[in-house]
Structures are given as C-alpha cells and as structure tokens.
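Here chain A shows up in two complexes: once beside chain B, once beside chain C.
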Partner chain A sequence: MARIQLEQLRHSYLARPAADADWALKKVNMQWDDGGAYALLGPSGCGKTTLLSIVSGLIRPSAGRVLFGDVDITDRPPDQRNIAQVFQFPVVYDTMSVFDNLAFPLRNRGVAETQVEPRVREIAALLDLEPMLAQRAAGLTADGKQKISLGRGLVRADVNVIMLDEPLTVIDPHLKWRLRSKLKELHQRIGMTMVYVTHDQNEAMTFADQVVVMHEGMVVQTGTPVELFERPRHTFVGHFIGSPGMNVLPCDVEGGVARFAGNPVPTANAADGAKRGARTELGVRPEFVRFADSGIPVRVTQVSDAGRNRIVETRHGDTVIRALLDEHAPVPADIAHVGFDPQFTRLYVDGWLAGEGDAA
Partner chain B sequence: MSAKPVNHRAWWLVLPVVILVAFNAVIPLMTVVNYSVQETFGNNKFFFEGLTWFNQVVHSSRFHDSLLRQLMFTAIILAIEVPLGVAIALAMPRKGVWLSVCLVLMSMPLLIPWNVVGAMWNIFALPDIGLLGWSLNRLGIDYNYTQEPFAAWATLIAMDVWHWTSLVALLAYAGISAIPDAYYQAAKIDGASAWSVFRYVQLPKMKHVLTIAVLLRFMDSFNIYTEPVVLTGGGPGNATTLLSIDLVKIALGQFDLGPAAAMSLIYFLIILLLSWVFYRVMTRGEEE
Partner chain C sequence: MLALRSVVRRVGTQTHIHETNLEFQAGGFNVLLGTTLAGKTTLMQLLAGLVQPSAGQVWFDGRDVTGVPVQKRNVSMVFQQFINYPNLSVYDNIASPLRVARTPIAELRRRVGHIAELLGLAPLLKRRPAELSGGQQQRTALARALVKDADVVLLDEPLANLDYKLREGLREELPRLFADRSCTVVYATTEPVEALLLSGYTATLQAGRVTQFGPSSAVYRDPVDLATAQVFSDPPINTARVEKQGRRIRLSAEVGWDAEGTLGNLPDGPYTVGLRPHHVLPAQAGSAGVAVDGKILITEISGSESVVHFNLGGLTWVSLSHGVRRFAVGEHARFALDVAHCLYFAPDGARVGT
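The block that comes next holds the complex of A and B.
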C-alpha cells in the first residue's frame, strides 16, 4: 500500500494532438493518500475513465508520471502494479465456480493452495458470498457478479488501490443502495485506498471523503462534499453538483462591486482583479436565494415540489434564478424581489472562482 | 379455469409453411419410407417386404465399411479443422486493412461451388501434370492419389481442410471479437497468463459459436458427396467410398431402390443421433 501521485499527466488518443480538444486529459496533478476513499465525478467524456486506465496501466499517458509511493510505475504493465479494478459491466470467469474466481488472482501469482483457501473464505465472508462459493459464477445475478469482481481485488493482500469504474451501472435500483453501503462499509473495515468513478453525484458524495470533479479533461475541484457544495471553484462544479444546480448569473464588475442587471450584489470573494474583457458571472446556490421586500425584481414563473422543499423558478428578464424554499414557506405571487446570502455568493471570472484562477 | 376465448382459425395462418415443408421435406421423406419397405421389379409393381431391407443393410459388411470410412473421415476433419480454425481466429488481426485482407482471403474457398473444388483438387493433385502431385514426386515422395489409398485419403482431407477451415475460423473470430475489452483488462490485472486468458475467457465465450461450427462441420462432412466424387470417385477401389457415394451407387448405379431407401433412413437417423449427442455434450451444464 502506498500513496499515489499523478504528476503532470496528459493524454491524447490521437497520434499528433494539436488543438486543445484533442486532449482527453489536460495536465492533471493529483495525490491519493493511502487508505482514502476518493470519487472521480464528471459527465461522460470528461476524462475520468482515461485517468483511471492510466492509473491501472491499461493506457500509457502521453506525458507525465504515475508514482506509487516513491516508485515511478508509469511504464509498468497492469499485473505489476498491484492494483485492482472493478469494471462497469461485471467481469467473471463464467466456467469457474465463485471460489475459483476469487482464487484466480492468487493462483496466478503462485500463492500456495493452503493460503488460498482461508483467504478466499475470509473475503467471501466480507462480501456475503459464502453460501455461493461452490456455485458457477455464471449463474449469479449482476450484483453477485460485481461482488466477485470486487472480491478478486480484495483477496490480494498487496493491492495498492481498488478502482471502481461506475460499478453500479447494471445493478437493479433496489440493490444499488445495498451494494453502495456495502462498499462504504468495506472501505472502513479494510482501509484500502479506493477510487470510485461515477457520473452520479449521489454515489460520489455518499462513498467518498474526497470528491474529484472533472470537466473536459481537467480536474476542476477536489474537496469534501461540503466544500464542493458550499464553495465551488468553478461554475461547472456549482452547476453539476446540487439539485437544482447553482444559479450562474451574468454580471458586470465596477469599482470592485459586482452588479447584476444594475443591482449591486455583495459577494464573499474579492470582486476586483477581474481582467478587462473577461466573462464575469455570479454564482449562488438556490439554497441561498431568499425572497425579500427589496432587491432584484423578479417574476415567479414556476413552483415545483421536491419533497420537503419547493423549487421556485423566477425570471429577471431572460435570466432564470431558482430558489429552494422550505415546503411551508410562503411563495410570493407573480412579482417579487430576491436577495442572495452574501456569504455564499461568489464572483466567477471565465468560469473560475475570482481570486483563485486556473491553478489546478 | 378461466374462459379464455379460443379461436382455431389461427391455424390457417400456419398453412403456407405446412404446405412448403410438406412438399420439400415430408412428402419426399415419406416416399423414401415407402420404398424402404417394398420391392419392385419394374413396371411400377411393388411388393411389401416389411423390414427385410433394413435387416439387410444393418448386417451388410459393405455398409459397415462405408460407415467406418465415413466416421473416420468426419473424425479426422473435425480434429483438424476445429483446432486449426480456432488457432487461425486467434492469430487474426483485430482491426485494420489486414483484417479485411484476411476476411476476403478466407471467404474465398467458401464461395467456390463444391464440384469446382473437387475438379480443382483433382487437377492440382494429378501426379504427372498437377502442381501439387508433380512437386511431391519431384521431391522424391511417391505420390499418386489415383492408385494409393493413403494418398487418396490425404488428398481428400487436405481438400476438405482447405475448403472448410475458414468457416470454423470465421465463426470463432466472430465469437472472439464479441468479447468486451474489460475481460482482457480484468485478466491482465488478475495476472492471467496467455493460456489462462484462452482457457477461461476466450474459449468459454466462443463456446456457442463453436457448437454451431462443430455441428455444421459434422453434418456437412457426414453428408459430403460432390467433392470426393469429383476428386476420387470413391476409389481407388472402394478406399474413399463414403456413405453418400455408396448410397448413390446402390440407388442409381444398381437401381436397388428398396435397400437404398432403407440405407437412407438409417443414414439420416445416424446423423440425427450424432448431432443430438454433439449438441448435448457441448451445451451440458447450461441449464443450471
């Protein structure tokens, strides 16, 4: 087990990448501490699977290094990296029994049969697979097969990291939460580093201590679920995480004050320093939008129920501003004013949080 | 019991198929069944003979010899074509121009009419003027397939392997290319050797197409007629007289319709039985 470091990783599937869009991965630096639970979160095509394949050794990066501890393993094949991976679609060896499936990685590495048996039983017990050990793996349900895939990683004592590539895709909805909490429980019990790739924010938030949000081949933010929610570093994070996503409102900056449609809006971060000609926007989550007696004039256009909350859609001109209210809170009819909580209202310049920039 | 509305008029919809199958299979087969229990001396006069012909065929050493030759032929070509086809499929490129080249080259033998295949090999293997036969003799190997049974068999088998291995290879290739990448990646991560990947990933995933390949090759080789007739005509002597050739000799050469009909039915039942055995063996353990 070791800390994993990714240094200046870049990757392109093209032979001669030229344009910015040719890169599937653009300069990624990251560090995964031993024993941590991480999630790679982002929409399809953001580069998260590419990143995962680079760590597992299935893809060699165009540039940059992968370090396990102090050892550079960029050029090592997957079987010499001591990693385990669970794929989107369950991979089991159909003709083998569940026991033989779990024993396979050990037997391939020449582990003595006397040690294989207890280890397989131990892992099977962890995964609740014990009653099925003698069955053929092909006969199991999708979640059972996915547990076997995971188990083949867990049996090996030397594994540095277990990577899970959207492992719940083919699992029935009612079993998803069970397998998800099983994963979380396993992580706490065995303390192996786990990296979970998903496009589902709920899966990422419930599983991981640290969530890495990716967008167009870049890591836009790494943080705890609370940080991602309260302090998005990029408008993409604000929009992608949260339901509904963050309001992103075009604004002007004059004399250090952000103005939305002529109204000054106090922000938590410094409003100066925005370059001339840069795109400036205000980001405020619907949770921090309140109706007030004065402020930004809006028209209420839609109210929808979301369990214990109500999502109120309002418009100022063509700009939509959503507010999330308690289900019993009064909703003004038609014309109203809204105000934003200044502590959670931030200015973004060219998509990035003002004052922080594109430093990732 | 709930009163489900029953409407037997739907049977009329099946009628066209029933008529088609009746004319191309059932009626001809019944004609054969009819011949197999009767004797005729011409003039369209028939006498009922019961199971005489069946008895005669089952106890005829001529039938035993043909059947043995047939079983041997099928066993040899299956033993060569299936492993060879799988090996070729594994060695084929996965994409690119060379894949297309391979596919086109391999489809060619399958597109040639069977009697042409026979004629090609007949000339190709002639000891005096054929490229193969002439070359072998020049190399000091005494080879004449028109006179030596062993040479005749070797040529017959070489011809069948040339003609049909591509079918097995193409089917196996289809099976291999349907395996998702994740299986190979998982096997790599699990530290599997190339042999393990073949044994536990590729072979199980090829099982269904291989079942089809083996069944097709079994049935076709057991029925084979055109190619050996054109190549050797069953000779030298009776050395390459397979079941179908023998059957045609009896039916159309000697015009013994009764024994030929009885032999056809036995032949048919053997193919049916062996196909069933193959199928059961290859798909066992799947119902679990």
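The block that comes next holds the complex of A and C.
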C-alpha cells in the first residue's frame, strides 16, 4: 500500500481539444494518503468517472502523472496496479459458493490453499458473510452480493486502493443504511485506502473523511464533510451539498455591508473590494434561516413535510428563500420575517467565497 | 376514479399480490411505497392493463376495465428504465403521443414547448436521445408521458436512475406539473422521504400486501402496524421487545418508563416498541427522555447531522441528531429516548395504545 498522487492530470476524449469544454478533466492535482477514506462527489459529467478510469489504468491521461508512492505508474496496465474495484452492479459468480467467490482472487494468483482458507474466513467475518459461506451466491440479496464484490477486493493483501463506483445506487434505502455503516466500520478496522465515487451527497459525506467535490472537470473544493457543509468555497458546493441546497441570494455590498433587496445582512466575511461588475451573492443554508419578528419580509409559499424536518419555502418578491425546521416547529402563516445566522452567512463573488479567490 | 377491487395476482404457485382493495385519490398524487419486490411494479402493471388479475377487478370512472387492453385505456407510463425512440429527435419523441392523437399542429407545438420548458429540455429539442445524458433521457421520457392528457399517469420509480440533485429538483416539480390537471397519478418509490415530499396519498406495500393507505403524513406518523412503520422509515426505525407490567413499560431490568394514556389499559405482556432515530439523541446533562447506556459501534457524520449506531441490549440502535457528535468505537455513551414518540405493536404486529 502506498500514497497515491495525481499530478497535473488533464484528459480529453477528443483528438484535438481546443475549447475549455473539450476537456473532461481540466487540471487535477490530488493526493490520497495511505489508509484514508475519500469520496469523489459530483453530478454526471463532472469528470469523476474519467478520474477513476485513469487511476485504474483503463484510460491514459492526455497529460499528467499517476504516482503510487514514488513510482510513476501512468503507463502501467490495469492488471499491474493492484487496485480492487466495486461497481454499481454487483459482480459475482452466481454458480460458485460465497466461499469460492471470495477465494477467487487469491486462487487466481496462485496463493496456497492453506492460506486461502483462513484469509477468506477472516474477511467473511468482517462482512457478516460467515453463515453463508457454503451457499451459492445466486441466492443472495442485492446487498449480500455487493458485500461479496467488496470482499473480493478486501481479501487480497497486495491491494493499493479499493475504488467504489456508486456501490449503493441500486440498493434499497433500508439496506443502504446497513451496508453504508458496514463500509465505514470496515474502513476503520482494516485501514485500507478507499475511494468512493458517487453523485449522492449523503453517501459521500457519511463515508469519507475527505470529500472532493468536482464540477465540469475541476475540483471545486476538498474538505471534511463539516467544512463542506459549514464553509462552502463555491456556490456550486453550497448548492450541491445539503438538501435542500444553500440559498444563494443576489446582493449589493457597500461600506463593508451586504444588502439583500435593501436589507442589511450581517455576514461572516463581507468586505468591499470586489471587482467592478463582479456578481455578488449571499450564501446561507436553509438550516441557518430562522423566522424572526423583524428582518427580511417574506411570504410563506409552501411547507413540505420531510419526516424529521419541515422544508419551508418563502419568497421575497420573486426570490425563493428556503428554511429547514424541525418536524414540529411552528411555521408562520403567510407574511413573516426571516433572519440568517451571521456566522454561517457568507458573501460570494463570481461564485467564489469572498476573500478566498478562485485559486484552487 | 381508479380502484382495485379484491384484486389478486398469482403467477404459477406464487402470489405476487394478495387480495387488495384500494381506491386511489382521484386527480391526486398516489404513492406506492415499498422495497424492491414488495409488489409495486405488479400493481402498476395491473392498473395499466399490462397484466390481468387472477381474481378481482380494476375499475375506472365507474366502469370495470379489467381485460381492457392497455392501448384502449387512456394511460401514460414511465418506468425506471426509460425508453425513447432512438431515431427521433427530443422534440419528436415528446410530440409522438400528440401525433397519434391527431392533435392540431399549433396546439402540438404549444404543448411540447411548454412541457420541454418545465423539464429543462428546451435547449435540447433538436438532439437525438443518444446525445443526451441519462438524466436528460429520463426527462424526455417523462415529458412524453406528461404531454398528453392521460386520465391515469403511472410513474414507476421514474427518478431512481437520476443524480441526487436532479431528483431533488424533479421531485419538487412533479406535483406542480399535475396540480392543475385532473388526472390520477400513481407513483412508485422505495424512498420514504420521497413519498412524504410528493405530498399526496401513500399506500405502503410489504410482500404483496397493501398495509395502509391514506394521506402520506398521516401514514408516516400514525402507522397501523409494524410493517407500515418499517416501510415508512428512513433511516430504519429502531425496534425492540418491551414488557408491559401494570403501569410500566420495561425495555430491560434497568430501563423502563410509565405507560401513558390508553397504553396503561392494555393487558400485561410482551410488545414491540418502535422509535425513529431522530427521537434517540445523545444525552447531555439535563436531557429529557429516558436515559440508556449504549456501546458505540460506528458514527457517521454528514456535515450537519450525526448518525450514531450503538449496541443496547444486544440490538443495534441508531441515533440521528443535529450537529457533529464524535464518539470512539467501543466507547460507552448515554442516549435519551424520547418515549413520547414511541409506537407500540402487539405480537401480531398491530399497532396498540393510540
């Protein structure tokens, strides 16, 4: 196992990329420390699958290098990279027993049968598959099969990284919870580097210690789940993470004070000095919007029941401001005022957190 | 009005749908909520006329339509695996049902334009399906189902293959799309929160049976049995066996609480208690609720919420709370059960003590 570094990676599927949009990956630098839990999070087309394919060796990048430890493996074929992959649809040999499925990667590499047996039992115990070892894999549920896919990656001692590509997408919600916490538990127990690729913020945020948010072939922010939630560096991150996403409201800045529709709004970072003509916006998550006796006047236009939360849609003029309240919290009828928690209200200039710039 | 009357569906020796009586909310949003293989798709196929009931009838607008083929019912369908005509443009895909219905061209243009605008497809109308992302293809299939004035619209997990954020947007948009129409919508999903947010009626399904049908919020908060409570909880509801003794409910030798209200009148004996994770919170000094001591199994922190899995009396319990709560694996910690939100079930699963 080793640290994995991606240096100045660029990739285009076109022969002669010219425009910015021709690049599936624009310029990516990334480092995965040995034993870390990482997530690559972004919508379809953000470049996360391209990145994964470059690391696994299915695609050679147009530019840049992939390093495992100090070794440049950019030109190495997939089978010489010692990477285990788990895909959206479980890959199992239906006619084989669960035991033989787990033993397959070891036997394939000529590992002695005396070593196969204890290793398979060890991994089966970690995954709660022990009672099923003799069963045929065909009879297992979707989450059971996905555990086998994962187990086949874990069973090898020589794996550099386990890459999980949307591993829970086809799993029912109640099984998802179980498998997700199992994954997290596994990571903490075996300490193998894991990279989890998904479009689902919940999965990324609950699994990973570091989440890499990608958008249009670029990394827009890397951080802990708490950093991404509390301090998005870009309005895209604010919108993409959180459900509903961050409110992004047009504002003016004058004398160091941000104003939304004429109402002064205290923020954590407002300051003058934005370029003339730059787009200035306020970002505040629905979790930090509260009803108050005074503040920004709004109309309550919709209250949605989300179980443990209520999502309240309010409008000031045509601008929607959403608030997230507890299940039984009172909601004013029709006309009300809202206020924002200044600690979690921030100014964005041309999409980027003010004072941070867009130097990624 | 769309209704199933004593409908049974058997295939060989297996019963896919047990006897079902269901009157859908006319002109409203009806959600079928259940896990994979609970019977949602079979119910959809019965409603569409794609398969026939082994017993019972399907009624629509006061007519028995059992046996009426799908082409003769004014039904639109969208499935999880979206289907488009690969050789037609997005525009022609959406327009196809209107052409079949010989809609006048001006009207056709207006309606295709309107629905394309609503679903964010307006800039893509000239493309072929193969040139679209998965989300765009699914929206094209949705647009085609929505563009004609069907009496019944059947949506079988239409958002399951879409990106999380796209799903969030469409989930909000869909009820609005139908708000000013008179058609009856039936929408299948595996996700409890989706059922709630679509804000209509929900039928919960388990193993081929409809366990409850009513306004979604009411079914969620007031389930008639354990199966319904389990189907309608995400994260899964915590359940444990309790013993009622006189005016006390006992979870274990050390942990118990008073049986409030009509609960006290139940016969003594074993019951199952259900408590959703957001009513189990890490305890602080002075926390309300019944304190329990749990051994931490794993903690998941989502940025705004913490999900803590812990062992209590040999069972895994889950706590879901605001903010960041860090615990070490194996550590013992105190949790407070908000027992006012406990649901109680008799050994046969029926809800008691309401």
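Quick note on the criterion: the second predicted complex is superposed on the first by the 326 of 360 C-alpha atoms of A that agree within 3 Å, B and C clash if a C-alpha of one lies under 4 Å from a C-alpha of the other, contacts with A are read in each partner's own complex, and residues count from 1 in each chain.
One rule holds for everything that comes next: contacts are C-beta pairs under 8 Å (C-beta built on N, C-alpha and C of every residue); 3 or more make two chains touch, one makes a residue touch a chain.
Values in this document were obtained by computation on a predicted structure and should not be read as measured data.
Asker: Is A:M205 touching anything from chain B or chain C once the two structures are fitted on A? First, second, both or neither.
Answerer: Touch status of A:M205: second partner only.
Asker: Could you let me know whether more residues of chain A are touched by chain B or by chain C?
Answerer: Comparing chain B with chain C, the partner touching more chain A residues is C.
Asker: Classify the contacts of A:T193 with the two partner chains as first (chain B alone), second (chain C alone), both, or neither.
Answerer: neither
Asker: If you stack the two complexes on chain A, which partner ends up touching A:S44: first (chain B), second (chain C), both, or neither?
Answerer: A:S44 sits against chain C, while chain B stays out of touch.
Asker: Return first, second, both or neither, reflecting whether A:K184 touches chain B, chain C, both chains, or no partner chain.
Answerer: Only chain C; A:K184 stays clear of chain B.
Asker: What is the contact status of A:Q221 with respect to chain B (first) and chain C (second): first, second, both, or neither?
Answerer: neither
Asker: Please indicate which partner A:Q85 is in contact with in the superposed arrangement: first for chain B, second for chain C, both, or neither.
Answerer: First partner only, chain B.
Asker: Which partner chains sit in contact with A:F240 here, chain B, chain C, both or neither? Use first/second/both/neither.
Answerer: Touch partner of A:F240: chain C, not chain B.
Asker: Taking the two structures together, which residues of chain A meet both chain B and chain C?
Answerer: On chain A, no residue contacts both chain B in one structure and chain C in the other.
Asker: Could you pull out which chain B residues touch chain A in their complex?
Answerer: 180, 182-183, 185-186, 188-193, 196, 200-201, 204-205, 285, 288
Asker: What residues of chain A sit close enough to touch chain B in their complex?
Answerer: 56, 58, 77-79, 83-85, 87-89, 91, 93-96, 104-105, 108-109, 136, 139, 149, 152
Asker: Considering only the defined contacts, which chain C positions touch chain A in the complex?
Answerer: Residues in contact with chain A: 35-36, 133-135, 163-166, 168, 190-193, 196-197, 199, 216-217, 220, 230, 233-236, 276, 278, 297-298, 300-304, 307, 309, 318, 320, 324, 329.
Asker: Help me check something: in the complex, which residues belonging to chain A touch chain C?
Answerer: 43-45, 142, 172-174, 177-178, 180-181, 184-185, 188, 199-202, 205-207, 225-226, 228-230, 239-245, 285, 287, 304-308, 311, 327
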